[in-house]
Structure formats: C-alpha cells, structure tokens
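Below, each structure is written out as structure tokens.
Paired with chain B in one complex and with chain C in the other, chain A is shared by the two complexes that follow.
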Partner chain A sequence: MSLEMFISALVDGVALGFIFLMLSLGLSIIFGLMRIVNFAHGSLFTLGAYIGYEIASRTNNIIYGILVSLLSIGVIGAFIEKYFLKYRKDPLIQVIVTIGLMIIFDRLAWIKWGDITYIWTPQWLEGSLRIGSIIIYSYRVFIIIVGLIVSAGTYYLFTKTRFGLFVRAGIDDREMIQAFGSNIERLFTITFAIGSMLAGLAGFLLVPWQGVYPLIGTNYLLYAFAIVVIGGLGSIEGTIIASLLIGIIQQLCAYYAPYLTEISVFIVMFIILYLRPQGLFGKVIA
Partner chain B sequence: MRHTISYILLVILMFLPLLIEALGITKLISILTYAFIMSIYALSFSFLLGYLGLLNFGHSLFFGLGAYLTTYQLIWLGVPYPLALLISTVLGSLIGLAVAFITRKMLRGIPFAFITLTLLLIIYSLYKRREFRIISGSEQGLIIYLPEILTSEMIPLISILIFVIILINILNEMREDFLNSSSNNNLSSFKRGTFLSKNILVLCLFCMIYISAIIILIRYLASKMPPYRVSINIYMISLTSLYLIYISLKTLIKRPIAVAWITTRDNETRAETLGYNSFMLKAIALVISGTIASLSGGLYILYSQNINPDTAFSPLLSVYGLVYSIIGGVYMIEGPIVGATLVTILEKYLSDFVGGWSVVATGIIFIAVVLYMPKGLSYYLWHALNKIFSRGFSIYGVKNKLVRQEKI
Partner chain C sequence: MLRVKNIEVHIGSLYILQKISLELYEKETLFIIGSNGAGKTTLLKTIMGFYRPFSGSIEFRGLDITYLPPYERSKLGIKYAPDNRRLFTSLSVEDNLMIPLLADGLPKNKILDRIEYIYNLFPDLKRLRKLKASQLSGGQQQMLNIGRAIISPNTKILLLDEPVEGLSPLYVSKITNALSELAKEGMSMIIVETRPTLMKKLKGRCIVLNGGRVVFDGTVEDLVIKQDLIKIYFG
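Then we have the complex of A and B:
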C-alpha cells in the first residue's frame, strides 16, 4: 500500500496493455475492413504461444521464438482468409466460419499439448530491476519495449504508408477503393495476415509471464472483445487507448482488489456499451 | 406427412428404453437424454436467431441461471422437483424480461451480441470467484441429490401428455378439413375427406400402440433396480418436455405474432411505421426464449446431478447453441433438434473411440454445413424425404408463406 506498489502495478498494467494492444489491433482492423468479428483470433493467439514456446525452449533463444511465431501465424492467417473467408460475401456466414475454426483449433491444441501450463523464460530476462525501493520485473520491461516497437511499427504502417492509406480508405468506404482500381481481395488477405501475426506474437510474449494453456486464447479473446468494443470497432486510436486503459485497470485491481480482476473489465465494457454503443472512438454502425 | 414422421419417431423413442438391454446400448439412453435437453436449449436459441435475427451470445445465462435457481430450491428450500422446475421457468421468463429491458437501446445485430456476452461474462466471473463458492459450488460444483420421486415407476405416465396433445392436433386438423370440405363442395375437398376417413384407422392403431407402449414401459420399469429406473425416468421426462416445447413453439409460429416478428427482423423501420412496437415484440420473444432455456437448465441438473460455473455459464455453451442451430438449420422449427441430436450423439459416442478428435469432427461438419449447405441439414433431409415419398408437400404451410428461406 504504497507508491512503490502502485508503480509496479502500473508497469505491469502497461505491459499487459501492450499485449492486449497487439491482440486487439488485429481484431479491430479486420472488423473495420472486412466487417468480420474474427472468433478464430483467440485460437491464433494460443497457437502462436505454443509454436513460439516449442521453438524458443528448443533453441533457448527468445528472438527465434518471436520470429517463428510471427511468421507461422501470419501464414496460417493468410491461409484461413484465402480458403475459408474469401468467396463468401455474407458477413454472418464468415463470422460463423471463424467460430468453427475456433472450435477446431482449440481442440487440436488441447490434443497436442494437453491441460498442462507451459512456462519458459530466457535466463537473461529472469531477474528484476531495482530503482530505489521499487521492484520491476525485467521481463515486463522487455514486453513494454517490444510492444512499443511493434505498435509504433503497426501505427506507422497504417497511418503513413500507401498500404495503410488503402486500408483506412477501405474501412471508410469499401466500394470506393475498389472503384479506384486497388485489389481489395489482396488487401483483405494481407490485413488478415498482419492481424494474425500480431495475435501470434502477443500469445508468445505472454508465455514467460503467465504461461500457455489451451483455453488462454478464449480467455484473452473475451478481453480483446471488451477492448475493441470500448475503443470502437475499426478505430485504431480507440483500440490503443482502450487496451492500455484495460491493462492498467486490470492490474490495479489484481494488486489492490483481487476479487475484481476479471469482472472489472466487463463492468467497464458494460457501462461504455450502455452509454455509447458505438464505443469511445467508433462511428455508428448501421 | 410431417406429422406422421414425428409420430412414428416418438413411438420409436418411447420404445427405445425397452430395446436397450436387448441391443446392449446402455450408453445411448444417457446420450439421448443429453441430446433432448440440448435440443430444448437449441430451440430457444434458434427461435431468437431465426425469427428475430437476434444473435444472443449470452444465451447460456438463461441456461445457467435456470439450473442454479432450480438447484437452490432443491438444496436449500426443499421444494419438490416439479414445483422447483415450474418456479425456475417463471423466474427464467423474468430474467428474459430483465435482459430485454437492460438491452433495450441495442436490440439488434452485433451490439446485442456484445452486450449479452458482457452480461454473461459479468455473472460468469462472479460465480467463478472463490469468495462465492457457497452459492456457486466453485470447481467441484453443487451436488444435487436426486429427488425420491424419480425412483417411482409411474413417471412414464407423464408421456400421456404427449398423447393428449397429438390427439387434439389430429382432431383439430380433421375439424378444419371438415369445415373446408363443407364450405366449398368440389372434387379436391371430397378427396381430402376420404383421405381422412382412411386416417381414422391409422389413428386407432396409433392410440393402441402408444398406450401399450406406456403400459409395457411401466411394467418393465417395475422389474428394474432404482438406478436404472432413474435414468429411464429422466429420459422420459426430457423427451416429454422436448415434445411439449416443440409443439408449443410450432403453434406459436403459426400465430399472427410470428409474422410481426419476421417483419421486425427483415425491416425494423418499416415495422415501426406500420405501428408495431418493435421493442415489445422483441421483449416477448426474449421472455419466451428465456423461459425455454431455463427449463433446459432445470432439466440438465437432473441429468448431471452436479452443477458448476463452468458447465452452467460457459460462453462456449452459447457458441454451441449457434452450432446446433446452424447445423440443423434455423428456419425450420425441427432444425435445432436435428442439429443438437446429431452433434451430441457424434461427440459423445465418438469420444469413446477417438478422444478429443470428436470435437474437431464437429467443427469440420459445422464449417462444411455453413459453406455448402447454408439452409441447414434439416432442409436437405426434408427434401430427401419428400423425394422418397414423392408427394408434393411444401416445407411451410400456407400460413407460413412469409418465412423467407434464402438468407440464414
């Protein structure tokens, strides 16, 4: 009950917020561009965590884990988009297909890895930093650094480049950019792959902190839904703010009022949905 | 013909407990019990999805609260089970009303799905806390001691209810046909009249078979040990309630209110312009759905004899409501029953041989149905049956012509 505890709770909250950000950014962009609520996102998170864990614990190098989980989940995401979602125009059908994929992936992960929680931490990140009397785990700092780099890169990609211009234009008006001659099908695939990559990376980054178990994807998907709804579906700025907010609220609750940890997020989501159904930064969806 | 098939199926299902020992399929009875309970749940889910276009991701809230409320009455208050079931369905309807009032600003599409999911998650995470293990039973759950009444051998008498309803249905049809044939006196109505007079023989035969099935079943139960009796009794209770729910929903969707629901689903603005109160219509539907789902929850505790937050409030249960409805098909009222029965039998039966792969198989079937048979299995099943019997039946009666079939 002191300033030190508050600061370490805050650091944990920001670290968790960056993981939430990587998870929900993909969800938000995919919804904005393709109008799909992607239920398979949580399963991609789980798969990324398992694949990264397998690679990193074999090679004992966290960089390989990050790279492999990024690439493999990106490929799986592109595959899903190309073969399951591409030629079905009805959004409800696409949502239902992602629910089926979620069931399949979760169960496959359970068959392969079972109910055990796997944790692996690289040795150079195991300790903690001491600044005066404040204790900060160094892995949290690592997450914050990686999260900053990744989210800055994603933000740059979606706001400053030509590709991002097309994506944002597509979020605003899908038919118009088709009329201007851009290949929207390829845009969909690339966006879906990038979103999946972010989910896989977030999953792997959580392994040294909370471990990985088959249902982790579903649990975090619920948080990601909360974040996306609070920030506004399809809004990049809203997602960034909402995920940091939710991360900090959740960790403050975990430190000061543990019985509120899960429920706090959903109560915030309920209040926001009730007052502003379109979310903080969202537009009204017809 | 649709009626005939359902009557034949019912008689087969009634006789099934007698065949269990002869065929050595003891497991099937518990699987089918579970399938019936899940069919009731799926009916309530697909009723909302098909007639109102409301995708309810918090649907297991109704199920779980129904189960827990029944449990509390049984454990703490000592209410006899039938009364407890009745009270918890009434409470379930109130919960449906409460949900309708809470979500009144966003009773459509994705906002509704999200806010009901939020409501479910709030209750779920409350129940999962260890601090509330007195009311939730935490991980090991609350244990329900089976009511004494379930060991009685007279329970199959409950299925006389089904019998009475079938009789009323048939007599009603006869009366309508009689009125039709007397009002316009032409050749086709004359043909119909003869068709019915032939049917009276079939009817008598059906009565005899049904009553003898009940009598044989009761005598058979009297010669069995109590645990065996209990499982067959639960089977009969869930079969009866499934049939009652099915018939009452089927009568409901022939009423004018169903047309109003469909109008609201297809074009809410136009429905309001025409003078319908769309909130009222949706609230009524939510109340009905909540009642049915909490009934299935109340039956579930008999089947499992144990209730914990993960089985009652799991968001996966809501997803499974969607799976059942989509695999079976939403717009035919039989669809969710077909879907739930098929998926349950597949998952529970296959899980003995292949373990977790049975769920993967469900997922694959689910995706295949969504992509290649968007109208659901029941639609194609019905067409196949029609072809076999080669009679020109339409899927919906004349009164239901307004039901659109092309979109899910």
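Then we have the complex of A and C:
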C-alpha cells in the first residue's frame, strides 16, 4: 500500500483509460449517429495493432506505425460501411453482418499471425522516468500524450467544425438533418471511418504494453460496450469520462485486487445502470 | 409550382394516401385540413421525400422529384417544419438556425444577414439564441422550427405541419403575423391544420383530406359554405 505503487497504478489507469477512450469513442459516435452496433469494431482494434506492429517493427519507427494503422483502418472502416452496411438498415441485419465480419477478421488474423502475442517497443520509449522514489514507465506517458492529442483533436472536430455540427445535429435527428440539405450518407461513411481509425490506433498503441494476439480486440470490445453504456448511449462526454474512470478502476484492481480486474467493469456497469438506467450522461434508454 | 398527381403511399400494411392529387401555385398558400389520421402529415412527409409513393408523381416547377431524396428536395428550396418540431435539441438556437445556411454553403456575411432576418421576425429567438433548443418553451420552439425552415434564402416552398397547434394565444398571434408577412412577400406555403385557426386569418385555397382521400378542393369561402363538411371535421 505504498504511494509509489498507487501513483504507478494511477498512471497505468489513465493510460489504459485513453486506450479505452479511443476504442469506445468510435463505438459511441457510430451508435449515436447511425444507430449501428458494430461488433467488428474490436477486430478493427486487432487489425490496427497487427498492421501497426508490422510497419513499426520493420521501420523501427512508432510514428510510422501510428500513421499507417490510422490510415489503413480508416479505409477499411469506410469500405465496410459503404459495401456491407449502407443499404442494410435493419438493425438485426447490421448486427449479424458485423458479427460475421468479426468472426472472419479474427479468424484471418489467427491464420496469418498465429496464437502468439507480439510485442514491440520503440527503444526510446523503453524504460522509465524517475520522480523521487516514484517510477513511471515512459511508454505509459507516451500513450497519455497521444491520447490527449487525439482527444483534443476529436473534441475540436466534433464541437468546432461544420462537420462536427452536422454530426451532432444528425445524432439529434437523423431525418431532419436531411430536410435541411445535408447528405447524411456521406456523413455516415466519414464518421464510420473516423470511429474505425480511432479503434485501430488504440489497438496499435497497446502493442508495446500488452502486445497483440488475435482476440485482443474482441476482448476489449466487451469493455468498450460496457463503457459506452456506463457513459450513456449517444453521449460523447459520457464515453470520455467513463473510459478514464474504468481505466483507472481496472488498473487499481490489477494492482490491489487482481481477482476483480476482469469483472470490475461489469460491477461498475451494474451499479450505474441500477442507479441511473440511462448511464451517466445518456440520452437514450436502449 | 408543385404538382402532386395520384400518389399512393403505404406505411407497412396501411394504405394511407389513396390517390391524392393537388396543386400549389406560385406565391399562394394552400391549406390542407382534416381530422387526425386523415393522412395530412404523411402527405407533407411524402412531398418532402421521407416516404416513397407506391405510384403517382410529384413535380416541382416541371422537375420530377418523385424519387429524389430529402436533401436534394431541400436544395431545390422545399423546406419542412414538422408538427412535433424535431429541433436539434442538443444544439443552441443559433446553431439550429445555422444548419440550413451551412448546408447551403453561404459565405459568412450572408449567414449573419439571414440570422438577423430571423431575429427581426422573431425577436424572442434573438434573446434566447445561446440556449439549447431543448430549453425553450413550446411556443419558442415552434418559432425556432419555423425560423429554421424559412432562414435559407433559397426557400421556395414552406411545408408547415400544424404551425400553431397547442400554442398559447400570444404565440399563435406572433406566428400568424410572421406567416402573414411571408405570404405578403410572396412565399408559397402548404399549411396543414386540424383546427381552422390560420385558415381563418390567412388567405388561400384549401383541400380537405379524409381517410386518405381528397374530399374538397377549393377556396376557403367555398368551404365555409359547405356546412356539412365543417360539422363532420370540426365537430
């Protein structure tokens, strides 16, 4: 029960929180705007991790890994939306299609990369920083910094740009935004691509810390669903706050009560939903 | 200007619009009245493009718009103010007004001009402009609903569904005055009403819908003469 351990757990928690944030934000915005529950979202996380890993380990450059994973998963996301989801508006069909994609992607990943966990850390981010007797791993700090940049960028995109205004209006009323001249279909594809990009980035950022294996994304997706529900469906602020909260809680459990780590998310979800069914900032009771 | 020919609309297994035809001429106001469930809202939504007719056609200034998506119809100048307002609730009043202008691609100075125009028409909205749309009262929301529909300089036809239903006399008069101004300026409007509130105050032609069919098409004066219809539809 030392201060050093607590701070270490907190830093890990915030870093994990940002990973959750990037993964969950995509899910939340896609659901909020398009009412699509994307079960393949986790597979995009996994794919981003693998693609980023391949590029980064060969070029020995984490920035290239980040850029390539962002771009490639963005393109894949746009492709999925345009060719698999766009004209299938029945929610049940969408769920079945995305589950199918999840199974296919995850299996293909297993075939290509196998069962082992790949980890790669850039040399300049190995090791740790020392503040007094407190040790903080450099890579966690890197995740937090990237997370802050991505969050700021996403926040700016959705609150200060014309595109963001249209997405927020579309989340409020999908039909009326069309009645005022907005081609919502294009908005959908772009939004789906952005949400997917964030998932891919999150997956790659986790590689130096926890590595990548075929089912990692789909495992994290489970937490992401819980986080989105805790934060409140349709609420961007809710997703952000819930992600950081769950990241911290999970890491605190990992340090102090390891047997609770896996289920801590769901305990929190149960409590929040019991007290407040719409989630912390929810607009929709689903 | 707008010609609806024999359109049939089904929603699920319900046969709502049963071969409806109507015409809206330039610069005129057309009232569509009927009891609840007659198909008035469905008709407006079909004109806006939210429903596809099973058969029949819709023409706007000679252009066939029957299968155009709503955003294309909006670009042509057809604007819609629905009966349950459907504002962008998490956006501010001003942002709600900006959306049509941004979609039009107007330059910034034009945008400010148009917003000022709406604020002159509805001074309350100016005062409330920073509030979220969800924080407004019913009457204020309705003013925003109408403001949003007319703010685009490209607006050629206004589709208004129950513009003053359920509002207090103060707001009824504010909105009536605004619509009267618009009519004087030559705006073409289709106004749906269940109770003949605006019909008595604004001039125009009128169509009565019952059970998905047009049962009367003529002037308001002619309708007043047909007492039996009035008894049936307005009790």
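The rule we apply is simple: the second predicted complex is superposed on the first by the 283 of 286 C-alpha atoms of A that agree within 3 Å, B and C clash if a C-alpha of one lies under 4 Å from a C-alpha of the other, contacts with A are read in each partner's own complex, and residues count from 1 in each chain.
Going forward, a contact is a pair of C-beta atoms (placed from the backbone, for glycine too) under 8 Å apart; a residue touches a chain by one contact, two chains touch by 3 or more.
Everything quoted here is computed from the prediction, not taken from an experiment.
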Open item on the list: Quick check on the chain A-based superposition: chain B and chain C, clash or fit?
Closed with: fit
Open item on the list: Which partner chains sit in contact with A:162 here, chain B, chain C, both or neither? Use first/second/both/neither.
Closed with: second
- [ ] Answer with first, second, both or neither: which of chain B and chain C does A:176 touch in the superposed model?
- [x] second
TODO: Go through the superposed model and pick first if A:67 touches only chain B, second if only chain C, both, or neither.
DONE: neither
Open item on the list: Looking only at contacts as defined up top, I'd like to know whether chain B or chain C touches more of chain A.
Closed with: B
TODO: Check whether A:184 is in contact with chain B, with chain C, with both or with neither, and answer first, second, both or neither.
DONE: second
TODO: Give one of first, second, both or neither to describe whether A:10 is in contact with chain B, with chain C, with both, or with none.
DONE: neither
Open item on the list: Quick check: superposed on A, how many Å separate the nearest Cα atoms of chain B and chain C?
Closed with: 10
Task: Residues on chain B engaged by chain A in the complex (per definition of touch) - done: 55, 105-106, 110-111, 114-115, 117-119, 121-122, 125-126, 128-129, 131, 315-316, 319, 322-323, 326, 355-357, 359-360, 362-364, 366-367, 370-371, 374, 407-408
Open item on the list: Taking the touch rule as given, give the residues of chain A at its contact with chain C in the complex, in rising order.
Closed with: 162, 165-166, 168-169, 171-173, 175-184, 283
Task: Complex contact set, residues of chain A against chain B - done: 37, 84, 88, 90, 92-93, 96-97, 99-104, 107-108, 110-111, 218, 222, 225-226, 229, 233, 259, 262-263, 266-267, 269-270, 273-274, 277, 285
Task: Residues of chain C that touch chain A when the two form their complex - done: 48, 50, 69-71, 74-75, 79-80, 82, 86-91, 95-96, 98-100, 102-104, 148, 152
